[in-house]
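I'd like to ask you about the structure that follows.
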Amino acid sequence: MEDFINLILEPLKELFLKFKVFVPNLLAMLVILFIGILLALVLKRFLAKFLAAINFDSWSDRMGFTKLMRKGDLWSKPSATLGEAVFWLLIIVTLMSGLNALQITAIDQLVNQFFSYIPRIFSAAMILTIGYLLSGFISRTVLIAAANSGFHYAKLLAKAVHTLLIMLILAMIMEQLQIAPSIVLAAFSIIFGGIVIALAIAFGVGGINAARRIIEKETMPKREDETKDEIEHI
Amino acid sequence: MAMKTTTFRTEVHEQLEHIGQADIIVGIPSFNNARTIGHVVRAVQGGLAKYFPECKSVIVNSDGGSSDGTTDVVHNSSIDDFSAILLHHRVSPISKIAFPYSGIPGKGSAFRTIFEIAEVLGAKACAVVDSDLRSITPEWVELLVTPVLKGGYDYVSPLYHRHKFDGTITNSIVYPLTRALYGKRVRQPIGGDFGFSGSLAQFYLTKDVWQTDVARFGIDIWMTTTAIANGFKVTQSFLGAKIHDAKDPGADLSSMLYQVVSTTFELMETYAEVWMPIQGTEPVPAFGFEYTVGLEPVNVNTGRMLNIFREGLRNLGEIWLDILGAGDFGEVEKLGALPDSEFHFPIGLWAQVVYDYALAFHKRKLPAEHLIKSMTPLYIGKTASFIMEAREMGQQEADAEIEKLCLEFEKRKDYLVTNWK
Amino acid sequence: MSDFYQTGIITTLHQLGKPSLERLESELYGFSKVRPIALVLPSLYSEFEGPAMPGIVQELAKVKYLNEIVLVLDNASEKEFQKVREFMSPISTDVRIIHNDGKRISEIYETFARNGFNVGERGKGRSAWLSYGYVLARRRSDIIALHDCDIVTYSRELLARLCYPVVNPNLDYVFCKGYYSRISNKMNGRVTRLLVTPLVRSLQQLVGPHNFLAFLDSFRYPLAGEFCMTTDLARVNRIPWDWGLEVGSLAEVHRNYSPRRVCQVDIAANYDHKHQVLSADDASKGLMKMTVDICKSIFRTLASEGVVFSDGLFKSLLVSYLRQAEDTIMKYEADAAINGLKFDRHEEAMAVEAFTRAIGMATQVFMENPMATPLIPNWNRVTSAIPDIFEMLQIAVDADNK
């Protein structure tokens, strides 16, 4: 009889022991979550005030980030969105740390993978920001230079340059985030190579007449008035 | 006398100590001007000898690293009686690539050196002349220095005999704008040849602009504006025709526009407190015999200019809309639809355009270079319009047109002031 | 390119050729010395954070012929009021901001209420009416122009063309309404196209020829928020404070003046309004109320001119309206097709159904209480009841703007 009772009690005792070990971890996780959420809220409020103080919103308007957001149907203020993003990032970090505290190996591995991925997200964000600004700057330089020399298709050229640069940046970002890197590489090479070949064929064979007309249109006026304007602007 | 800077090399230090003191300094900045600088040096020497025999004069040639033997020519042209100082001014590598419209990289640094020498030698009057002048005569020295030495003026701006179509950037932008802002009618503020007093030279030295774009390509307009805005006594002198070596014909118009206009706009930032309260303008006295404006017909392809304007409208329309606002942009669009024979750029609209660009520059709406270069087709359109109207005009009519434009600028100044925040 | 057809009742001023803005503005500048113009801008604070206001301020900064600008600011705290003052500072014309939520102006509204005047709920009608009072109180302007603050494609040309017919002393117009085509990549302006025009025409069918209906029908865009009038009208007109504002204003003009002195002007090649109310989701709510208010306004005007409304009339009205509206949809479908605009037949039909229900509701409300009137009393009456009201209003606004 005693053995039978022991048989029932033993596993229960083991369970209880396991539970006893587990509870502090659980408590630790709950405490971490609590502190983390509190911290995230405080930080969000603080960040919102800070961004308002440095006029982040009007800077974003001028840089064109707000326009990007509006195109993506995001109608809140840029500072609010940034605050939200930071808030959720902190929540995720808190969650991960909390899960870590549970000390369950499977979860640990996941968490480690996640944390090692984060630096890549930051560098991708960096590439996106700088790349976007730079591509806008370069394409506008091309636009103005071409327009000032009277090139009829200046806007088209600038748009093409802009698109190509954006594609380059996207490819770089995807490579950073290691999203299907070999596919991205292949796709990128194919697209760029394809563009080059298409242009070559167009000008060499297919669109020879159209290409000739465009070139003639651009060079002919120069031949007609070889005589430069005889005024001095300065 | 303590040497404030390390610009002077030891030989120059020795020369300066040897000379000790001078009454008049004439500076000639140069860069690859071997063909013309000999004539300039001789004309200057002749003028100093003829008109200021009793004064002690020094000629300073500040060279930007010529490779064609310019400095040798100067050395050989100098008469022994004359103390001539030859030195090099520091030129940043960028200046040699992005060539300034004046043809002399780092011209500002050259001037700074000349100011420093003027200060060290205690000069009472100074002048600077371009090194590529073919039309300079000994009289120029007299015309630039006498108002300072004998008339008590601090700054002498030049007045050249120019063709009615020349100097359109001055005539349509810099002159009307500077006049409306600072209240003084200095007709050719970016002449290139100036006279100034020793005290003004010392004042220039107190300004810390030598590492900026002013030193690279904006020194001319900077000198004029600084003199006017700080209350120095300003006058003008009729010098005659300005014939100089044709600048590199590939000189990009939009770069020229950028260099001149960006400096002007930058100076608006510095002197905002000065120009905002000024209303109306005063004439500035002029020495010498008034010359007439050249009226010979010249070859200008206005059709091509109008094409550039229309292409600019097509391609840069969005940028212009952002800067000018819907009302004025609508007017510009209507201009674009006009046939060549009816094209006329209203002067009120042009004044508004210039002010809108100044405000856009102030608010940093676009990177400065993009902003001002985007103005090029508008400027070309305005210039073509003026040329077509003034083709048959005589001197007085052409001058009257420019006067009308200046009055438009003055009339609309309050718009600029209320929007400048 | 527009035509130059005159509808025959009121004068239509088209956009013919490419008129020069400079000439228009210099003429206005000359006229405005003799007949000074006040611009009234009813606005919400949220519009200052939107895309339209910066452009409007930039354009107004270049306008030289205005005598004063009165901006009525709704839904703004004290801090937001100060921000708006800063926002409007580039404009060199004298700008006065009426801060509806400020304590002084709230007190003014209180004054109306306790003297028995119902000036209506918060909204564009009430704001516009108060600003008329302020302009009348100051006695510095003869003409009042009004437009909204959410016009994204605003240009000085719009304002110039709006003011010109009334300001030009040789033309003798007392009221001028703007019209335009509200298209983007599809046809907008559904309430005008599918409600007002078919409704007015079906009423004409049922009631027979009627001056007011013909008058209303001759407006190309009767719901346009842009108009210009002499200050006399501001004194005498009783305007509704609900959505029937535009139609009700036209009714008052019709009542007090001859149609010969009324005109409409083409004010924009391309007009884009960021209209906040009629989003797809709560379209029903906003649309319903708007339709009901507009219908009430029309019924009331007709009743006041002797038309007898019976159950039978209303029943026939619903049927006739539906018919007219369906015909109209077909016409617009053709118009959209040739001009390459998007046209969703189903959406339009659903809108018509919603409008029909709304008209039904309006008839019920009207039958129950035909005297319920959301008309704000005119200023003549208010000043006779509260003689110092103009002075008090001036003091309040001037103090707020110090």
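Read from first to last, the chains carry the letters A, B and C; within each, the first residue is number 1.
To be clear about the criterion, a residue touches a chain if its C-beta (ideal position, glycine included) is under 8 Å from a C-beta of that chain, and two chains touch if they have at least 3 such contacts.
Here the structure is a predicted model, which means the values were calculated and not measured.
Steps from subunit A to subunit C, taking the shortest chain of touch contacts, total 2. The greatest centre-to-centre distance from subunit C, using averaged C-alpha positions, is reached by B. By number of C-beta pairs in contact, A-B leads over the other of B-C and A-B. With centres set at the average Cα position, the gap from subunit A to subunit C is 46 Å. Here the spacing of subunit B and subunit C, counted between their Cα centres, is 54 Å.
Averaged C-alpha coordinates put the centre of subunit A at 47 Å from the centre of subunit B.
Of all the residues in subunit A, the ones that touch subunit B in their complex are 62, 137, 140-141, 143-148, 150-152, 154-155, 158, 221, 225, 227-234. By the touch criterion given at the top, residues 325-328, 330-331, 334, 337, 346, 348-349, 352, 414-415, 418-419, 421 of subunit B touch subunit C in their complex. Residue ranges of subunit B in contact with subunit A, taken from their complex: 101, 163, 165-170, 190, 249, 253-254, 256-257, 260, 298-301, 304-305, 307-308, 311-312, 314-316, 319, 364-367, 370, 373-374, 376-377, 383, 387. If you check the complex, the residues on subunit C that touch subunit B are 18, 20-22, 55, 58-59, 61-62, 89-92, 153-157.
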